[in-house]
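The structure under discussion appears below in the form of structure tokens.
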Amino acid sequence: MAVIVDVAIQGAQMLLVLLLSPLLTGFVRKIKARLVRRQGPPLLQPYRDLIRLMRKDVVLAQSASWLFRVVPYLVFATTWVALSLVPTFRTGLLFSWSADLIAIIALLGSARFFLALAGLDVGTSFGGIGSSREVMIASLAEPAMLMIVFMLALIAGSTQLSTMSAFMNSSEVGLRVSLGLGLIALIMVAIAENARIPVDNPATHLELTMVHEAMILEYSGRHLALIELSASLKLLLYVSLIACLFAPWGMGTTEAGPQALAIGALTYIGKLAVGGFLLAMFETAIAKMRVFRVPEFLGAALMLALLATLLRFVSRSF
Amino acid sequence: MQGLVFDIAHMLAGSLVLVSFMQLYQDRLSALLNMFALHALVLALSVAWQAYVQAAPHLYITALIALVFKAIVIPVVLHRIIVRLGIHREIENVVGVGLTMLAGIGLVALAMVVMLRVTPGADPLAREDLAFALSVVLIGLLMMVTRRNAVSQVIGFMSLENGLVLAATGAKGMPLVVEISVAFSILIAFIVIGIFLFRIRERFDTVDISALDRFRGERR
Amino acid sequence: MTLIIALNCIAGLLAVTVLAVVIGRASVAAQIVYGASLIGSLILLFAAIGHLLGAADPVSMTLPLGLPWLGTHFRIDTLSSFFLAVVDLGIAAASLYALGYGRHEQAPQRVLPFYPAFLAGMNLVVLADDAFTFLISWEFMSLSSWALVMAHHRVRENVHAGYVYLIMASFGTLTLLLAFGLLAGPDGDYTFAAIRAAHPSAGLVALVLILALIGAGSKAGLVPLHIWLPLAHPAAPSHVSALMSGVMTKVAVYGFVRIVFDLLGEPAWWWGIPVLTIGAASAVMGVLYALMERDLKRIFAYSTIENVGLIFVALGLALSFKAHGMPLAAALALTAGLLHVFNHSLFKSLLFFGAGAVLTATGERNIERLGGLIHRMPQTAFVMLIGCIAVSALPPFNGFVSEWLIFQAILLSPQLPSWGLKFLVPAVGALLALSAALAAACFVRAFGIAFLGRPRTPAAEQAREVDRFSLAAMFACAAFCLIVGVLPGLFIDTLAPVVRSLVGARMPVQIGVEWLSIVPVAESRSSYNGLLVFFFIFMSGSLAAFAIHRLASDKLRRAPAWDCGYPDASPATQYTASSFAQPIRRVFGTLVFRAREQVVMPKPGDPGPARMSVELRDLIWDMLYTPIAGAVMLTAERLNGLQFLSIRQYLSLVFAALVILLLVIASWP
Amino acid sequence: MIFNAVTAVLIIPITAAALLAMLPGYRIGARLNVLATLLTLLAALSLFYDRPQPGPYLLVDDLNVVFIVLTTFVGFTTSVFSASYIGHELESGRLKPSFLRFYHAMYQVLMFAMNLALVANNIGVMWVAIEIATLTTVLMVGIYRTHEALEAAWKYFILGSVGIALALFGTILVYMAALPVFGEGLDAMVWTVLITRAAAFDPALLNVAFVFLLLGYGTKVGLAPLHAWLPDAHAEGPTPISAVLSGLLLNVALYALLRFKMLLAVNPVAIAPGSLMVTMGLISVVFASFMLFRRRDIKRMFAYSSIEHMGIIVFAFGMGGPLANFAGLLHMTMHSLTKSAIFFAVGHIAQVKGTQRIADMGGLTETNPVLGWGLVLGVVAIAGLPPLGIFMSEFLVVTSTFAREPLLAIILVFGILLALAALFLRLNTICFGEPRGPVAKSDASYVPMFAHLALVFMAGIYMPPALVAWFQNVAKLLG
């Protein structure tokens, strides 16, 4: 019986995140538009875009290989699997033990790995630019992320997200210096990873400034749809991750009944809304930086995370 | 009697060292050859005296060989060679005479220090003889090092051998080595002169070894 | 019994060496030699696995060879059987590969005799049980691989590579020689049993540790002793490169583990520090070098340095834990290290096989002149992709598992009481994370430039898929990569007796864990299930594909590439490997390589091309080896004057020696 | 004098020398030369089984029988090599037939002198024998009559004579030291007698004596800085003589040194000869290794390598102790075999290429595979790489030293590594890369070369227990 419930909840989570993610993207766009006093696209526009793209024919470059066609599915699958392992409205998901936070990061790494390959596959200059910059950003963002994971794991005594989240929800965690440093670093990494301003601009197609968009320039139709969806999933993943680690309040536990689950789901939506709003605010308030300032930005994140970890290593009380 | 024996041996050995010094002082080849003849003469006297003292008649042969070959034959032959080569007037030291003499004195001192540290139980005569012999050897070597001319180097080598003979005769009752050493020193002298100087002159037109050095095999 | 079988196989390999000398030029020679090597290594492999799985007691044996009063001692215990398995699995794959690849060899008589000798050398090192046998096998291994590096000696670089290799190898052997000299003591107790029984003083042990680190590290390719590796590994024929990179470096690791974990006894608190530092430095430097490199095989060789660094980090952690009385954590770290040994041997062999296949197909190693091979060599490209994912430590392949375990071990280290380690370990962790991320970048670049895009040269355009044997070997390696990636528990359990014999504890039993997950310490702490991750990715990917194709569209049109509207002309406009690395070069290169870019623009109105040049300096060469070589050469030059003195001057030397010695005597007390 | 194995070792060569001096025709001469050395070798081998009692002049004991057998063996193989080598020299016009007669006779005289030095039970006779050996080699070195050869011979002669003079002085001093103990007469010069009561000798006199002997015989051993004659003599003489010089004559001088070292070791008050030998050895190793780098002449290079190895051997004997002594003996044996094998190879190579300049050779493994790989194998052996015998001895030297004298061992290892680097630097030029220089096939016999290498190879892997026991005995004798 319990197993069936668990399976159901896990399934619900997977579906929920799949459905929610375009909404979050749409929400952020909407807020951004509103903040600059534009009307902005409707909230559900991303869904429409996806459906429209799905239905279109794929126009494939002549020099594209099989890898190019497989990558969207792989990227989508890895991101989705990663996201379905992040506790959103309830901790202790059925399969949460199949991959801990390090593995989730690695799954995202795989997604990026494939995407970067796809950028090189057609053999155009823009694809190359995109891949090249993407891996440069990743080469700094990923260690920063891992350091944050280390720091958190040291506090929680685990790299298991459910355990970590539960621990962060408990009273044992007070305000800690390292947590603060880690949060800032995590936000910086999240911005970079999701190709947001100031690191990248998800809306631009100005050739020399784009990173993520350059990589996927050759994609069209359903492939593009999948990649857009994966991008949304990734954004959702990071927001959920920050929420479950730094704002774990209201999350249901393994013993929680339907009511608690409902509360969990509602608070989750609320957290997403807050997160999306803050992101939009931030993006509106800041300008995009030059590509070669990005390493400094991410380097700062890495240093912050390393500092946080060091503090944790040196003393338990930081 | 013992005192007199000792004194004479001592004097002869000492004068060998003195002649060695005189060799160092000479900077012309012909004079150097004369000094070498004197050197060999003193050696012969010393050996003869040892033969008398030790009652070892075979040492007289050694003395005779020293007298005939080293004091007479070799100087004469070398003299003729250098005259033929026209180098009898020249001799060029690498180091100045004064400095060489000074080095020689240092060497004698070193020889003394080294040899007189020998346990006092040893025969004093032999000990003194050894010290002088070592001095002669070292000065001979010094001469080889400080002279640029092949003939004077050969002379240096032969006075070194003289020192060896002095040491060997000073060692009481040393079997067969004296004869062998003398024979060898003469052999060496002959081979040096007969084969090498001959060849070298034939090929290089000079006995100056620095000419030889131009053919050091491997070029830089 | 295992040992006898193993020794017989090795003797067989040596016999094949002799045979190969005789028949080296015959056309069937390659088939015979590689076939025999394959059979021999398979037997050895099964013997080793049998011993390992049975967790059998050590078996020793003494042959009346080698040092006469000592004999040649051989012993197989769990550690050596594990490494024997690693070595022979690699050998089997390489021999299989060579059955096909070897046909393209232009100078078989320079490869065939040394190949089985090299194999025998590696096997012997692992089985040796006394210092003399160990070192003779070790150096024999170096020497035979040197001969293989020199196989294509007409290429100048190869001769240089062989030269540097031999010197560094001998340097390593000589340091190990010193280490064993200390261990054996002046009376020469060379057997490992005697060394284990001895209890040397702390200072001596410290010296041995450093010497072992230098000696084994130079063979394994630790920075800054790695310089030979990127030269020598690519110079050899590809199957040999695979063995050198995938297997021989592991033998070096074995040497280090054997000396430090087994022979030296209980570690002191600080032992981990040098090992961790050098390991982490190697990991980062290795991958940065790889990113700057354009030669496919050299990229892989530098990546070997990175991976060896990882292994040494794991070993350093294990040492630290062991020294502080934390056997469980030590077991975790050591298991991680050993598993990475196994994993690296798999995917690095695979990658070098792939490089060899590319070389055969195109005659090119420079990735700037490749491109688009995925169309012409689809199978090779597929397995190479797997290799690249595995080496980039991405799930669900094997590289990730061992790296994940290392991270888990790092997370246990705050419990270490020593302050030095408290500061060092997080930094090491950061460096590892950095190297992992950079490795992914590096292999995106390597695979992307070489296999994807459009062919940059006619050679790449006319490539053809390689033969069946080569493909079989590559697919086998790739399959292993996946199996270890999804079922790591099996392999971790197999390592348990090895780890227990070295640190006195083992990781928790994995085989009983639900769903075949792996749990390093406790499930609440961390767990990973490669099988499920693989299954989920596969399912959700296929589900998405199925759903979209069914419900939406499955139509496809081919058209010219879009490229933001630029009508594309030539493949030369593609991103190159150098331009791909440019952002990373800007970030790290200025510090690590003193990178300088120079752009010469034509005058306005001049239609001539703009030229850009990049200057990279290898600081380790510049600051360590060049000065040493310079000093040696300068001394040699100065002393060489002594060859050209006159006789008089030589006599002066004799004279001076005499006077000095007399003075010594005179002043002797 | 009774005819037995010992006297046979002396009489055969000297008789052969007389015969060879008279025989015209180099073919017969070469064959007779081989035959005589073979007979000498057989006589030497018989010493294993039947060893005559030591007399006042001749002695065969555990120590010198190693040397004798080694000398006669290498002498034999070199004569085989020489037979194929010297014919080519005649064809190429470097030698005249009359010189050949002289050459063969001198070869036998040299063998005689070396054997005499080894079997001598009398320090005077030993000195004389080494003197003869030096003189004969001087003549052989100068046999080509070129400027370089004459200069090398002259240099050898002068330096050798000074060395021999110093050695004589040392010999006299030893006699003086023994004089008070044994009284006047022959006894004070006989090894077997001296060694029995060396403890009672005047230690200060012994010290000075050892300095002179070390420098005197050390000159012959080729220790730096007394080595100057060695490279040139090796390079300019005929290659068989280079092989004999490196493989044997150096050993003979070393043997003399070892005898005296034993004498000093017995005396408790005398200085430890070890430290002097260790210093000289190390200087030689490091110096020769540096010198190897700039060599352009192939024979001169291997001559410097001989200096290096003599340094290692002297170092090992200087360190003393059963392991180091064993290693020293083994190293000496292995070096003799390997170095002569290398010179055999080098001789053929120089004939094929028509030059000794390394820069004019190249890619030898391509053009002359057997010769090229033979040289590679030889250099691998001489550089101390396994599985050849020198690895074993270097292993023993280094390991047994490091625990006792870490610093010294590190210097030694540094020297060994340098030498390896230098040797392979040149080997790469000679044997690998694009072929350079004439590519004529060599029709010479490679049997001696590979016979030596096979022995060295075997010793690296398996040493017969009898040989080992015997080496161990000797090592114990050496203290």
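For the reader, a short list of remarks on this structure follows.
Order as written gives the chain letters A, B, C and D; numbering starts at 1 within each chain.
The rule is simple: contacts are C-beta pairs under 8 Å (C-beta built on N, C-alpha and C of every residue); 3 or more make two chains touch, one makes a residue touch a chain.
Since the model is a prediction, treat every value here as computed from it, not as a measurement.
Considering every other chain in turn, the ones in contact with both chain A and chain B prove to be C. Just count the C-beta contacts per chain pair and the biggest one is A-C.
Chain C has its Cα centroid 68 Å from the Cα centroid of chain B. Centroids of chain B and chain D (each the mean of its C-alpha atoms) stand 31 Å apart. The geometric centre of chain A is 35 Å away from that of chain C, both derived from CA atoms.
Chain A and chain D have Cα centroids separated by 77 Å. Shared contact sites, meaning residues of chain A that touch two or more other chains, are absent.
In chain D, 154, 158, 162, 166, 208 are the positions where the chain touches two or more neighbouring chains simultaneously.
Residues of chain B in contact with at least two other chains: 114, 117, 141, 144, 153, 212-213, 216, 218. Checking each pair of chains for touch leaves A-C, B-C, B-D, C-D.
Against chain B, the residues of chain C that register as touching in their complex are 640, 643-644, 646-648, 651-652, 654-655, 658-659, 662-663, 665-666.
Chain A contributes residues 51, 54-67, 73-74, 76-78, 80-81, 84, 95, 97-100, 102-103, 106-107, 109-110, 112-113, 116-117, 119-129, 131-133, 135-136, 138-143, 146-147, 150, 153-154, 157-160, 163, 205, 207, 217-218, 221-222, 225-226, 291-292, 295, 302, 306, 309-310, 312-314, 316 to its touches with chain C in the complex.
Residues 124, 127-128, 131, 135, 147-148, 150-154, 157-158, 161-162, 165-166, 168-169, 171-173, 175-176, 179-180, 183-186, 188-189, 202-205, 208, 232, 235-236, 295-297, 300 of chain D touch chain B in their complex.
By the touch criterion given at the top, residues 94, 107, 110-111, 113-114, 117, 138, 141-142, 144-145, 147-148, 153, 209-210, 212-213, 216, 218, 220 of chain B touch chain C in their complex. For chain C in complex with chain A, the touching residues are 371-372, 374-375, 378, 381, 385, 389, 392-395, 400, 404, 407-408, 410-411, 413-414, 422-423, 425-427, 429-430, 433-434, 436-438, 440-441, 443-445, 447-449, 452-454, 515, 517, 523-529, 532-533, 536-542, 544-545, 548, 551-553, 555-564, 566, 568, 571, 573-576, 579-584, 586-587.
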